[in-house]
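Labels A, B, C, D, E and F are assigned to the chains in the order they are written; within every chain, residues are numbered from 1.
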Amino acid sequence: MRILYIDPVGADACEHEMYDALLAVKGPDTALDLVALPVGRPRHLEYHSYEALIIPDITHIVLQEAPNYDGIVIGCFYDVGLREAREVSGTTPVTAPCQATTSIAAALGNSFSVLVTRSKCIPKMRENIHLYGQGDRLASMRSLELGVRELQLDHELTKERLLSEGRAAIEEDGAETLILGCTVEYGFYPTMQEALGVPVLDAAVAAIKQAEFLAEAAQRFGWQPSRLYGSEAPPAEEIATWGIYPGEAPIGLRLTEEERILA
Amino acid sequence: MRILYIDPVGADACEHEMYDALLAVKGPDTALDLVALPVGRPRHLEYHSYEALIIPDITHIVLQEAPNYDGIVIGCFYDVGLREAREVSGTTPVTAPCQATTSIAAALGNSFSVLVTRSKCIPKMRENIHLYGQGDRLASMRSLELGVRELQLDHELTKERLLSEGRAAIEEDGAETLILGCTVEYGFYPTMQEALGVPVLDAAVAAIKQAEFLAEAAQRFGWQPSRLYGSEAPPAEEIATWGIYPGEAPIGLRLTEEERILA
Amino acid sequence: MRILYIDPVGADACEHEMYDALLAVKGPDTALDLVALPVGRPRHLEYHSYEALIIPDITHIVLQEAPNYDGIVIGCFYDVGLREAREVSGTTPVTAPCQATTSIAAALGNSFSVLVTRSKCIPKMRENIHLYGQGDRLASMRSLELGVRELQLDHELTKERLLSEGRAAIEEDGAETLILGCTVEYGFYPTMQEALGVPVLDAAVAAIKQAEFLAEAAQRFGWQPSRLYGSEAPPAEEIATWGIYPGEAPIGLRLTEEERILA
Amino acid sequence: MRILYIDPVGADACEHEMYDALLAVKGPDTALDLVALPVGRPRHLEYHSYEALIIPDITHIVLQEAPNYDGIVIGCFYDVGLREAREVSGTTPVTAPCQATTSIAAALGNSFSVLVTRSKCIPKMRENIHLYGQGDRLASMRSLELGVRELQLDHELTKERLLSEGRAAIEEDGAETLILGCTVEYGFYPTMQEALGVPVLDAAVAAIKQAEFLAEAAQRFGWQPSRLYGSEAPPAEEIATWGIYPGEAPIGLRLTEEERILA
Amino acid sequence: MRILYIDPVGADACEHEMYDALLAVKGPDTALDLVALPVGRPRHLEYHSYEALIIPDITHIVLQEAPNYDGIVIGCFYDVGLREAREVSGTTPVTAPCQATTSIAAALGNSFSVLVTRSKCIPKMRENIHLYGQGDRLASMRSLELGVRELQLDHELTKERLLSEGRAAIEEDGAETLILGCTVEYGFYPTMQEALGVPVLDAAVAAIKQAEFLAEAAQRFGWQPSRLYGSEAPPAEEIATWGIYPGEAPIGLRLTEEERILA
Amino acid sequence: MRILYIDPVGADACEHEMYDALLAVKGPDTALDLVALPVGRPRHLEYHSYEALIIPDITHIVLQEAPNYDGIVIGCFYDVGLREAREVSGTTPVTAPCQATTSIAAALGNSFSVLVTRSKCIPKMRENIHLYGQGDRLASMRSLELGVRELQLDHELTKERLLSEGRAAIEEDGAETLILGCTVEYGFYPTMQEALGVPVLDAAVAAIKQAEFLAEAAQRFGWQPSRLYGSEAPPAEEIATWGIYPGEAPIGLRLTEEERILA
């Protein structure tokens, strides 16, 4: 099974570390690739105007790569570009962390809280959670007040914030489950789980597993994305005539297991 | 991975056929067992008073078997006993067809319709769909007006009804995806998918795959059911003192791959 | 008017005290009987797996007794088995405390809080309140952190907890009305009402009165339960053929006014 | 128990017939009075600007009469003036037909339809039904396209419309229960019930019974209207100082059982 | 453009000050008149029974004056009588502060809080906000615990309360925007805006501007109130025959710019 | 007042005709400019992957032009890029047709229907309408089954479809008001209004007027967009450092009144 993880920010050194983390969780039959955007693209997506810049990139990558993959993940908890990417993914399912984690949380408990980086994120993420139908289960959204790019700088600080906000979510807000509301909060969930005694869902891990799940469902049972009504794909002819999405998709970095093996 | 499929009706000849169908869809690393209830239990669950009779059975089976399995499916689209079973499943996740199919449908299109056996089923199933947060995606519920036990009698009739109601759901109600709202509607989804051109989700297949997915998440990432607040399990001591759930769980039939191989 | 109160736990000494309390509130033309389940059944229902065990009992009792009564109460604030019991109650209406109290509260003020025994209860009760359409009026659910069986042990402690949580519900959560979220919180509402100055609805009392009300409506105006669609009853023939719900319903104790008079 | 039924239109000959109908349904211990407004007030309330005219009348009557009654009904399916009347009713509960019928319907089936006089009524009534939390149970609202004052003119025509719209509500919209959405649709529910086989709730009858129910709850258990927050009553002193609600409340006709006995 | 502002309380000296404030905000092409009710009408509307008294006045004034104006404002944050007034306004749009402010707030941020005079107001206002569809954006309602008539007595006190509750709404409840939930909280928004750094919407100002906006839309584009279904107007003939809304509308004070100029 | 209308498609001849239509509706003190995107951008936005391509363009244009304008309109009924554009608009309010029309419709009647070009559009537009809080007022969405670019080709055909779907929305779905769900359905509303007798809201006209309204509110009363929490703008420094949104915004055509006058 071939899964593509799109890290929708401009490539920098961090992807290697995240890729390692993702390789560690993929299924045994999964070939997992990671792509990031060209250098020069935003390095985090806390602002919607940063998201704006990379929605065409995500869409272009999905348009180009969907035939080569069985499942695709958009690696940002805003689930940025999910609707657009799904439209052009052909028979390949696309998922993203917020939909994946909240769907799992619904099977593990009555309620969940989401720990986000900054209060900036809350309104759009809350809106997504409501759109996914999980608003009634949302105990609270709590902010770490740490920027995305600070999360992996001082691990002790991040861990401390995650634990204190997670504990408050459980004790004050009644959360039965916790969700880490940013893919860059990776690496912390095992510690948190042990310390807090509730399931703690990692955004990127959940999305990878959800992608594998949907990929298998598509392959084996034909449960591919609907292409009716709102899910209708654009006509290839029109895209060609207009010359939109021309040339190579803007991929700044591609990590594959083979290259890793070679390296 | 060990998965248990509970067919929550009194055992009769049908389980073998269904078991074959389920073996065909399980994952390569999955050992799938099927249990049914003792003869004398209701043979279908169209009525809530029939469900009532087997909720303790399901709960008892899960209480007893959860330590032996990594994931459990309750095989009825009413998702009967799901809350009760989840309470006593320890570290093993439990799922059921309505939650499984609607969760998948949410990833495949904007809306879905459910094809149920009889109009009797609609209010409780609709309520469940709303509780799962998928009410906004529900285009319609359509009744085949065929009893559960008629579904596999005259395949041509069942197929015809499924196709005509499915087509109406698409054309009149705007469904982008279809869900088969009874586990006994098994065997028909590939034909329907080909004829109608939209994903058609089989209830039992979806639940098995969802169970495997949750089982892997529990095992590898520790994403086991929360045991906090509403998900708190009953104290084993109290159960013992009272002598409730005594003796062997009421299993009338157990199908395992080994016995099949031997047979 | 003949009303049956089902105390859905294994009979013990407590029923006599509760029966006295209920006799004190019944209408002048009401003959009120109380049944409890056989010894050996769970003695409280805080856990859903305990509820599971007695759902068939409730259903069996209602199936058997409905022809002898004009109204039936299921005496547990989880409203356990309400859907199942209603299906087999024929022309007799069935009610339960959560539906009864929230319906009355909606006529007495803009909002209410529910005081429950333990936080365990909150998710399922909240779900019921939403299903009954009263979610917008729910100011809060507050837990006494007292088990059901502790409620009548140390009356001072229980009263103190009820008053402090009730007062907090009013002052911090803005509740205009209070609901006692367990039938075993009986006996406290008059004191609370006097101390707090708002209506305090007793779960069992409210359910008895609601049952009388529905019974009169059924008798005099023919407003009996609908038997259409989701409310369709199971065919008696099928029940007989299958031999389900055989023999006597599992009644462990039956208190009637005549026996009291004799005693 | 003293119950007051306010017919919130200008008195004309019709009140006597309606009063007879209501006397036939009251409880044995109920003394039921009916008041109507002075001649010159609107004779029906199909338009909101007609309702506007009599909201002060209702409020004034309730302010004056509440101390003399144990329960009060506002006899119009718009539940006109209910919030205002409740504010000044002291310890006396007030109810109205839409709240009463939908609350009963919630205990009799999964869904209901409302048969209204004209499509004019639908938006405000639907809004009320949603505010009462019963929107999810509302199968449909269907209009007879008969004005309020035509309902009792040609009984055959009215019956025919009620039956045909009622049947359509059941068969096309899936209603399990029917509600007559105007107090002047009185007299028809028994025939409809017999013909259609589902409960058919009469607006005025339901409101009378609900008033008796709430009155008993208030008297015996102290479950009187909350007077906190949004339910706070205006200060008597301010009313007196300003001279608002001066003199006698605008009652144009008062029917009591004693006068009937004398007459 | 001719706009009518209805101050729906008995005229007293305050109207002049408020009229000055409104003249300062009207558009350059707007002729703004203000009417108040006759002396003897309630001087504030904190209680619903006070609102009751003036709903016919508002309706009568709109019935009479709508032909002379292009837009009408009902100047109370309860939006009292809005449905009734809209029914008889012919081609003239009518608006009111709660609908106007929440509609603007929806364009300025993700969430808002409303600062009301007393907790009495909260339930009805919250209900209106939900009916207008803005419930998801409502961060909180906070009470100043100052009566309407105290607001303009001690400006320092009022300002202090507005600032402290406004600050708490922002910091504790996450409000991005503030709404002043009473037309008599006029004059404070510029100071608050400067101090708190978020938009602070004045109730009366917003309603005047919304009225101008709707008036222009009606005049230039024919976007006048619908008169279909629930928006159907009462037949003039019936009003005449019955003699309802007779004579002059109850206007106790009329302020026009001409009279001001003359004075 | 300076208003910018962004036609978010690649410039072609059509903009001139639309610009004329918009000039005809702007306010007397409004200077209205129109910009379109460079040739090569998608020529319609029926597909979400076409929207994707121009979200950065819209954001860039708003980032660059907001200081020069008092109000901005994104001219597409998907309200594409509204969240992103609002983030970078500084003190300038931004609006779009779906939010503008549904907000006006809420003041004109109880319900509305939206006439869209193709069923493709319905799910995203319906989602937006729910997010704006107007879902309860949505009577129906009806598709003309005409592509955006066909709308102005055969005016008779378009008119006929608009009238027949509009009439069906009124008569079958109960709509009191109609909304034209595409800016390119311009020019038809007066005819429809006359033929159908209900308000028919033009998407682009409504958005222009809403922009003027918000612009005045921002200028005169300081009711500028909140910049707190989810509305926080990205730091200019970060944008500069990263070099994102470099150079001139991608404007392919700019129409101003001066150039028209000159031309």
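Quick notes
Convention: a contact is a pair of C-beta atoms (placed from the backbone, for glycine too) under 8 Å apart; a residue touches a chain by one contact, two chains touch by 3 or more.
Computed from a predicted model, the values in this text were never measured in an experiment.
Contact with chain B and chain F alike is made by A, D. Contacts with chain D and chain F are shared by B, E. Chain centres computed from CA atoms place F at the largest separation from chain C. Interface comparison, C-E versus A-B: the pair with the greater number of contacting C-beta pairs is A-B. Separating the CA-averaged centres of chain C and chain D is a span of 29 Å.
The distance from the centre of chain A to the centre of chain F, with each centre set as the mean of the Cα atoms, comes to 31 Å. Taken residue by residue, chain D touches two or more other chains at 110-111, 119, 122-123, 136, 174, 229-231, whereas all remaining positions touch fewer.
You'll find the chains touch as A-B, A-C, A-E, A-F, B-C, B-D, B-F, C-D, C-E, D-E, D-F, E-F. Chain contact summary for the complex, chain D toward chain C: residues 25, 27-29, 93, 95, 99, 103-104, 106-111, 132-137, 170, 174, 176-177, 189-190, 193, 197-199, 201-202, 205-206, 209-210, 213-214, 216-217, 220-231. If you check the complex, the residues on chain C that touch chain B are 40-43, 46-53, 55-56, 58-59, 63, 81, 83-84, 87-88, 119-124, 127, 131, 229-234, 242-245. The touching residues of chain A, when paired with chain E in their complex, are 119, 122-123, 130.
Interface residues of chain B facing chain F in the complex, by the touch rule stated above, are 110-111, 136, 174.
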